[in-house]
Amino acid sequence: MKRKYLATPYIIWVIGFTLLPLITIGVSAFTGDDGAFTWDGVLAIAEPINRQALLFSLAIAFGCTMICILLAYPAALFLKSFRFKRKGFTIFLLVLPMWMNFILRILAWQMILSKNGILNFILGRFGAAPLAVSNTWISLMIGMVYDFLPYMILPIFNAISDIDEDLIEAARDLGAGSGAVFCKVIFPLSVPGMLSGIVMVFVPAMTSFVIADILGGGKLQLIGNIIEQEFMKSMNWHLGAGLSISLMILVLIGLAFTMRGDMEERGTALW
Amino acid sequence: MRKRKLCVLGAALAGMLMLGGCGKEEPTEYLTVFNYGEYMDPDVIDRFTEETGIGIKYEEALTPEELYAKYISGAIDYDLVCSADYMIQRLIEEGEAQKVDFASMEYADNIGDRFWEFSQAFDPDNEYALPYFYGTIGILYDTTKVDAPIDSWGVLFDGSYKNDIIMQNSQRDTFMITLKYLGHSLNTSDEGELREAQELLIRQKPDVQAYLVDEARDEVVAGNAAMAVVYSGEAYLGHEYNEDLAYVVPKEGSNVWIDSWIVTKHCKNPEAAAKFLDFLCREDVAEQNFEYIYYSTPNQAVVENMDEELRNDPAITPTEEDLAKCEVCTQTDPEITKLYNELWKELKAD
Amino acid sequence: MVRLKNAFMKCYLALILLFLYAPIFVLVVLSFNDSRSRVTWGGFTLRWYGELFSNRQILEALRTTLLLGLGSAAAATVIGTLGAVGIQAMRRRGYQIVMSLTNIPILNADIVTGIALMLWFVRLMPLGFGSVLAAHITFNIPYVILSVMPKLKSLNLSIYEAARDLGAGSVYAFFHIVLPQIGSGILAGFFMALTMSMDDFVITYFTKGAGVNTLSTMIYGEIRKGIKPEMYALSTLLFAVIFVILLVFNALSGRGKNTDDVIERSR
């Protein structure tokens, strides 16, 4: 038996439960209410309202990814430098919050950030002026970064802790300062982890809608919200499907570009 | 070592599984019921099964639209559906409902005559829909945060409470009250009137703190906002938590909504379905349900047994005066629904 | 200087953890709140913990959630691991095609995956526990593959080839050569899948049959009238149990040899 046949169950599964449902949605995207072929669904993304939501989502997802990198990189680096004996424990600490239900956690953030919320109460105790962040893009961003940060820390941390200590020692022995060690050794070797992180943060950030509904006060319209509205409220499934398919294609193109056409090279594991 | 770790883990997980693993007798007949979330005391469902031996498969949805989307996909054959008046109307019009013989039910008489009359707005011969709960839409406000008692929708639109207003994150409710404020019917099919309402809503948007669903009540209770557009039942609960809150149905009029039950065409056991509806109308059951939900009940037997305070609370029992200025929503024209969707999307995108 | 740097790093990590755990604290506090409203404090109480255990609906949802999570994670781990091993042996073209397919559930909005699966299941089978299970396996597999694949890449394949040359069957070689080397990746994939499954709402909502409730779908139904305090109590308990398991886990592995080190060295 050849090794590649081990993938048979998986291939069957992918065809049965990923490819065929995707085709169902694809068919829906390219048909109208009358069942005839149309480009309307997939081209709808170019309409002003949808385009605006798409651009806003792009901006939010991009900002969220950037902030995640900025927060996660030092965290991963510091975690590594403490040389915790038990890597598993560290990782667990980062994943553990996900075991509380997502909606409950986002509702908790709403309580923290609201006008008479916990954060402003604490600030008040210290005599600081209250923050008016609730129901704005700032609270939306806080919620997004909160939700996706672990997905950025984990792969970077994995990439960095996979770096051979001997390599760093060798660089030091050859006279590299800690700055040079970082620039020439650690950083380049952590790039694959960062790329995994970018995919794990950017892609779901593009399609999320629950956070915008709860923390954005329903005033901010992401492309995810529009897709949700088409499916759940307007009951215009053709349009919803069309928007999702074109969003998927755009994200795929974007990813191919980021990964320089080499999706498979995104190296590091999440865990 | 790893094995030992896995054993500990496995044992712990198995322990957690045991928690809920209590067996019980399985009924032979089942009804599949689709309702809003938290819109029936779970105990009522258990009682029904105990009394009749008919099991209930219970499903929940958050909004009428979502319920419709899941219903119409045909993924599950629901026997009974409870939803908002306009959605019930749509289901009836699309031939999804089957006739129910309310006259032969023992307890259907408990539903007050006027609610059968309300129902006629979307079910002209009272053949399909059974009223479940009803109420009005109004303003829940914090009396300590406003200068004078509120009596008009105008406070939402005149810019005097900037960033202190919570609107409903539901296109129908939001448009309905705006249409009422402008002096139009909330069932209008005039595009001009709808666009006028949208324009007003767009102008109001900067003053709105958030568009929320039912968390709206909590935001006013917590003092995060001065006022919110809510359903009357929510107002009662809000008042329970914060005594400073008051509820008003503005003088321009509003919407009176009736959430109703229908038996769908998929139901293969109409007798069991009728039994369930009859059960819901029975006084003790309706009372238990009322005390779980605290929305206005059309069940007169329950109303008569209520204590004075509850019966006189306008959030629990809308006054004649309030009801007189309210309209039932019967607008289900697909073209208008489409326009609503479009206008709502534009408002949100602005 | 070094000490200052250490202090700074510790502070930074503490802040990150504070950020990640802040909402957890809020939920834990809410589980002791003697009021049905989340925005008013009614004093300290333990009664929600008591009521939790007499709430049949919640306990049943918990059971379904755990069964679903463990079942789908286990199935996804088996299918995904075999899949990853097989995919890696494919030629470039096949490899690329299969890997792009693998990414689809991650790329698509949950709501699209959910509705696509629902429309598909309607043709295949009645919705019930089985359909949600299949859906969860579907969106779990990519996480397993993404966890296992990198381990496979750094795997020393020549040992496998050598074993085969020496007459080992592929199954034998898989269990004795490949599996031990990618073990940590598999375990990671399993937990990732479990976490994803426990946290999912949208896909579950569309693919579940009538009467099948998970904690997520229950919580969603409760948003309308306010989350029941019993739910906070349950979340707190669940969290505490996992935390204790983690500590025990950690203490055990601390006393013995470090598993990660073993895997690390075996490379």
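To keep things simple, chains are lettered A, B and C as they appear, and every chain counts its residues starting from 1.
The criterion applied here is as follows: contacts are C-beta pairs under 8 Å (C-beta built on N, C-alpha and C of every residue); 3 or more make two chains touch, one makes a residue touch a chain.
Predicted model only: the values in this text are computed from it and were never measured.
The chain with its CA mean position farthest from that of subunit A is B. Ranked by C-beta contact pairs, the top interface belongs to chains A-C. The distance from the centre of subunit A to the centre of subunit C, with each centre set as the mean of the Cα atoms, comes to 16 Å. Chain geometry summary: the mean Cα position of subunit B and that of subunit C are 35 Å apart.
Residue positions of subunit A touching 2 or more other chains: 107, 231-232. Each of the following residues of subunit B touches two or more other chains: 215, 219, 222. Touching of two or more other chains is recorded for residues 38-39, 115, 119, 220, 223, 238, 249, 253, 259 of subunit C. Partner subunit B is touched in their complex by these residues of subunit A: 49, 52-53, 107, 110, 114-117, 134-135, 213-214, 217-219, 221, 225-226, 229, 231-236.
Residue ranges of subunit A in contact with subunit C, taken from their complex: 1-11, 13-14, 17-22, 24-25, 28, 71, 74-75, 78-79, 81-82, 85-89, 91-109, 111-112, 118, 146, 149-150, 153, 162, 196, 199, 203-204, 207, 209, 224, 227-228, 231-232, 237, 240-241, 244, 247-248, 251-252, 263-264, 267-271.
Of all the residues in subunit C, the ones that touch subunit B in their complex are 35, 37-40, 56-57, 59-60, 62-64, 66-67, 70, 115, 118-119, 121-122, 127, 183, 206, 209-211, 217, 220-226, 238, 241, 245, 248-249, 252-253, 256-257, 259.
Note for the complex: subunit B touches subunit A at residues 63, 65-66, 68-69, 72, 169, 171, 205, 208-212, 215, 219, 222-225, 338, 341, 344-346, 348-349.
In the complex of the two chains, the subunit B residues touching subunit C come out as 1-2, 4-5, 8-9, 12-13, 16-17, 19-22, 32, 34, 36-39, 42, 46, 56-62, 70, 73-76, 78, 213-215, 217-219, 221-222, 237, 241-242, 293.
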